[in-house]
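To start, the structure itself, in structure tokens.
Should a chain be cited, it is by its letter among A, B, C and D, assigned in written order, with residues numbered from 1 in that chain.
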Amino acid sequence: MKKIAVLTSGGDAPGMNAAVRAVVRKAIYEGLEVAGVFNGYQGLIEGKIELLQLGSVGDIIQRGGTMLRSARSEEFRTIEGREKAMKQLKLNGIEGLVVIGGDGSFRGALELTELGCPCVCVPATIDNDINGTQFTIGFDTALNTVIDAIDKIRDTATSHERTFIIEVMGRNAGDLALWSGLAGGAETILIPEEKYELPAIIERLKSGTGRGKRHSIIVVAEGVMSAAELAERLKVEAGIETRISVLGHIQRGGSPSARDRVIASQYGAKAVEVLKEGRGGLAIGMRNHVVVNYDLKDVFEKPNVFDVEMYKLSRELSI
Amino acid sequence: MKKIAVLTSGGDAPGMNAAVRAVVRKAIYEGLEVAGVFNGYQGLIEGKIELLQLGSVGDIIQRGGTMLRSARSEEFRTIEGREKAMKQLKLNGIEGLVVIGGDGSFRGALELTELGCPCVCVPATIDNDINGTQFTIGFDTALNTVIDAIDKIRDTATSHERTFIIEVMGRNAGDLALWSGLAGGAETILIPEEKYELPAIIERLKSGTGRGKRHSIIVVAEGVMSAAELAERLKVEAGIETRISVLGHIQRGGSPSARDRVIASQYGAKAVEVLKEGRGGLAIGMRNHVVVNYDLKDVFEKPNVFDVEMYKLSRELSI
Amino acid sequence: MKKIAVLTSGGDAPGMNAAVRAVVRKAIYEGLEVAGVFNGYQGLIEGKIELLQLGSVGDIIQRGGTMLRSARSEEFRTIEGREKAMKQLKLNGIEGLVVIGGDGSFRGALELTELGCPCVCVPATIDNDINGTQFTIGFDTALNTVIDAIDKIRDTATSHERTFIIEVMGRNAGDLALWSGLAGGAETILIPEEKYELPAIIERLKSGTGRGKRHSIIVVAEGVMSAAELAERLKVEAGIETRISVLGHIQRGGSPSARDRVIASQYGAKAVEVLKEGRGGLAIGMRNHVVVNYDLKDVFEKPNVFDVEMYKLSRELSI
Amino acid sequence: MKKIAVLTSGGDAPGMNAAVRAVVRKAIYEGLEVAGVFNGYQGLIEGKIELLQLGSVGDIIQRGGTMLRSARSEEFRTIEGREKAMKQLKLNGIEGLVVIGGDGSFRGALELTELGCPCVCVPATIDNDINGTQFTIGFDTALNTVIDAIDKIRDTATSHERTFIIEVMGRNAGDLALWSGLAGGAETILIPEEKYELPAIIERLKSGTGRGKRHSIIVVAEGVMSAAELAERLKVEAGIETRISVLGHIQRGGSPSARDRVIASQYGAKAVEVLKEGRGGLAIGMRNHVVVNYDLKDVFEKPNVFDVEMYKLSRELSI
């Protein structure tokens, strides 16, 4: 293998730039040429491809977003689109591709691998919802953004003795809500993986007030219900007044945390190592503190593992 | 005067604690006794009053919220409530009161002054909407919180080439939207003080796209319309897709900025100075870089002055 | 076991409060009474012991430092001192002790265990230098503080095309320098675990300049040499001008990161679990993503494991 | 006037980029062409000049440092150097120049004005030490960086009951030390503008300890003496143990605060307005909340005004 490329796809996550940087630097260290594909798979189809140098990735490790940009591509979902992509890869002499993104992006990588271009995937999404890896790039930064918001809201909650409901991202995965709720000292955490019972929540809120607790914070993953809906139900069913805060897109941005920069560096370098050996159809990830590569198909076929212990801990500490 | 008291009232604002600290320390420096009233006017009615020492305000200058807490009081709106408050002031030997809060809180102070207890008001609200002062405590911190959010959202906006609408606080006053929009590099800023024209906004968005601009940020004060409404109108009237972010309560919290701590210290100390002279019915504020005191009635009777020059500047720089 | 106590000892680390909170809440959840010992082992000798409630640890999860305070104790190093400590434990009906701190503090815990009071230790130090655990509380926060400083210094380094030497904490352990250097995009990282060769560093600096690199950042652990000494040597031996920055005590403070709050919660709860079973002489830690307990003696007898892979990665990515 | 240029010079300050952006955008708004000079006066001599467009200053308002870079120039101090600079200006059709920097940079601007190229200066330095303006760009950001450091150090100071000495920038001007000390709640502040008396400082430290104060923070401007020297003197003369922290270069970097971005936008735009009228030899600044322009010579001939009131306040609040 003489030349590889790298692209970012799907929702952006802090640390994507650090991963791009690692891919480029490791590739050059290994004597490979490396190109950047701009605007994700759509850019690949359109041939938005540029050779990258060490200097191309200077001063980006600390930046949020992705210098390669990202985009949706309806065209890539068609076989014609993917063949155009393959043509561009050949035209540019690219023999392997690193795809940085979430599981939607990984599907594309699997298909390109099957069409003959070995792809290796680097998991980057703030939701931490990719099967086979315990950590995705961006999760740690998003977590810190969420607890910063919780800390700010606690100032008002304490001063006014109020209950706040904070809605965080996570349609199918509750990791962001669970970890941030635990780290933010939330009294109640609602996640898609665990059933909630409204009467029990109401009971907790009331017993807290009973023993003189001045404020309460509830963290809810958007996949369970919206903060507005929960507020409405607490009001209707128990007469409890709450304030809501929907954190929204700020969770996606910001300078990556130290940890996200470190795992982005590890994942990016590992992806090049694997690709250099001519292997494709693989994902990179972290398992029990070790950087591993595993079959891309596992991402789609195996169930995501939920950390029940941590949920139990969050319950015990919020008595 | 031998003994004064201090309370915080209305929505909390970062820097209230720094102001409480300044009142307490300056009072003790001047040889006065100083008491803290907890839970605002409601706490005053209920006699939640404690003598404060230097140590009572240690390690609070950097904290958001208010250690004296705040609360609404329906009872204080009645003459019976205010008479109970006066009784508590007498009972505790309090001869003057510093009220830290927004204009709603200032009304109460005016009424107490008229009942015989001289009150001096310190403006603290993130909205910067109090007549007679150019800056209120909390505004600068909120501003920095908002631009931090805008910077984060810009990461995603740039990476995905999208238009974002960011809704910030401000029902009647556009200062937070205007300053943060200017500091955040927003292309369009909508504030209550200036008429907006949707066709012109649409035109700007389209011309930006026309010359290759990859993303756009619109800041809208909640008093103009909600981000959701603006998004809907842009979609319906021009087919423009946008994402929205409602910053909400995070704008109220956080450790106060250096500037808010400084003006809180200045205002708090000035309030004690004025009160010590036996003067009440006054507000403290900043006018052209000078800390001043002025008639509390001006807060309600004079119109707030809007900085037209800054609005003009924001337009010129966002061509 | 009916009643336990908790103390913090040694240098403070962000997340100590979150660990104290977890110990208290988990203990109460398990039906135990829990006391706080103030000012570390010295306070234990002096009987500075108070029963803690849920409310005692409210609103502290986000605070740096330690609410139980910390102190050195010469007296505790004597057998007389430790016997006084044992007497206080008995006097207060304390049957087990959680010690939160670094390895110096762990020695004391081992000795108290041998005198009959089972102790369980929770590792908290920004240096991440405790044998038997991959992560200590405070390391992740310090890491983020350091990269924030590196990012700031990079602004000036880039603008002025200069080389900066940044000195970080770490007398015997290079983890903070290594991780922060990797995450901060440093060109050169000097740690106690790996020999450095000045000529090679000079060579790298010169070759960077040769290919148009505008600035360079060197991270050095204090255990290798001071930034000032390195600057002097680069000037004398190669005529290279550098600027230095000694980060110092800011590395110890600040609101703990999400991750530090999470592991502090896990460690604190685990310590109570183990102690409740009547077991002492143990340390809590993280091994390959699992929270474990292990023999306290391992802390002193086994060598700390250094992550050679990460050092190699840092070299490869800084070509 | 058809074409102007902009350069940054001297030590970098956060907000320089926001000022460059404002100059470029305002110039284009006014129908002028605008060029950027890279590497300060040295780059001007060498003809490192590029035409800038709206897109050239996209996404920089939030960045520290300066995209135009800065450099020292010995050559520019000679008449030959300045004549080369003039030649380049003519060669590039540049009829006016905006110089963003500190007072050293302003001298160069005065000399170029005298040689026939009208220059307007924008004050940007974290030291806030330029005569004729109450605020310089970068001061507010540096202030927030310093109080963030003080807040972190206070965590350790409180936990260990220690006295810390924090050394901040400021050779001739104490504004950074004074404002940050006031905002950081420091007990003692040493600045070049006011004499200090060691016995009084010692007295304060001891009386604090006497009444149970657990920690103390001293802020010293580097122009008074180094933190190390003060620590030594406190130890020798009164046996007081302290820890020191030298903040150093982190004070220069970081994303500019909201306020610095706003005044940078105001100053930059004002500079273009003035220059467009063909006027040179002027500085831009803030006086009593109004953006003004004034004779450049005043910068060198009039004494800087020190805010005695604020110093007095800091003393009264730190009893």
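Throughout what follows, contacts are C-beta pairs under 8 Å (C-beta built on N, C-alpha and C of every residue); 3 or more make two chains touch, one makes a residue touch a chain.
In UniProt terms, the chains line up like this: A, B, C, D = ATP-dependent 6-phosphofructokinase.
Quantities reported herein were computed from a predicted structural model and do not represent experimental measurements.
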Label of the chain whose CA centroid is most distant from the centroid of chain D = A
Averaging C-alpha coordinates per chain, one finds the centres of chain B and chain D separated by a number of Å equal to 28
How big is the gap, in whole Å, between where the Cα atoms of chain A centre and where those of chain D centre?
-> 39
In chain D, what residues contact two or more other chains?
-> 151, 154, 158
Checked against the stated definition, the touching pairs are A-B, A-C, B-D, C-D
Chain D partner, complex, touching residues on chain B are 18, 21-22, 25-26, 28-29, 54-55, 58-59, 61-62, 134, 140, 143-144, 146-147, 151, 154, 158, 179-180, 182-185, 211-213, 255, 257-259, 261-262, 265-266, 269, 287-290, 310, 313, 316-319
Sites on chain D touched by chain C in the complex | 8, 11-12, 14, 16, 63-66, 69-71, 145, 149, 151-156, 158-161, 164, 214, 243-250, 252-254
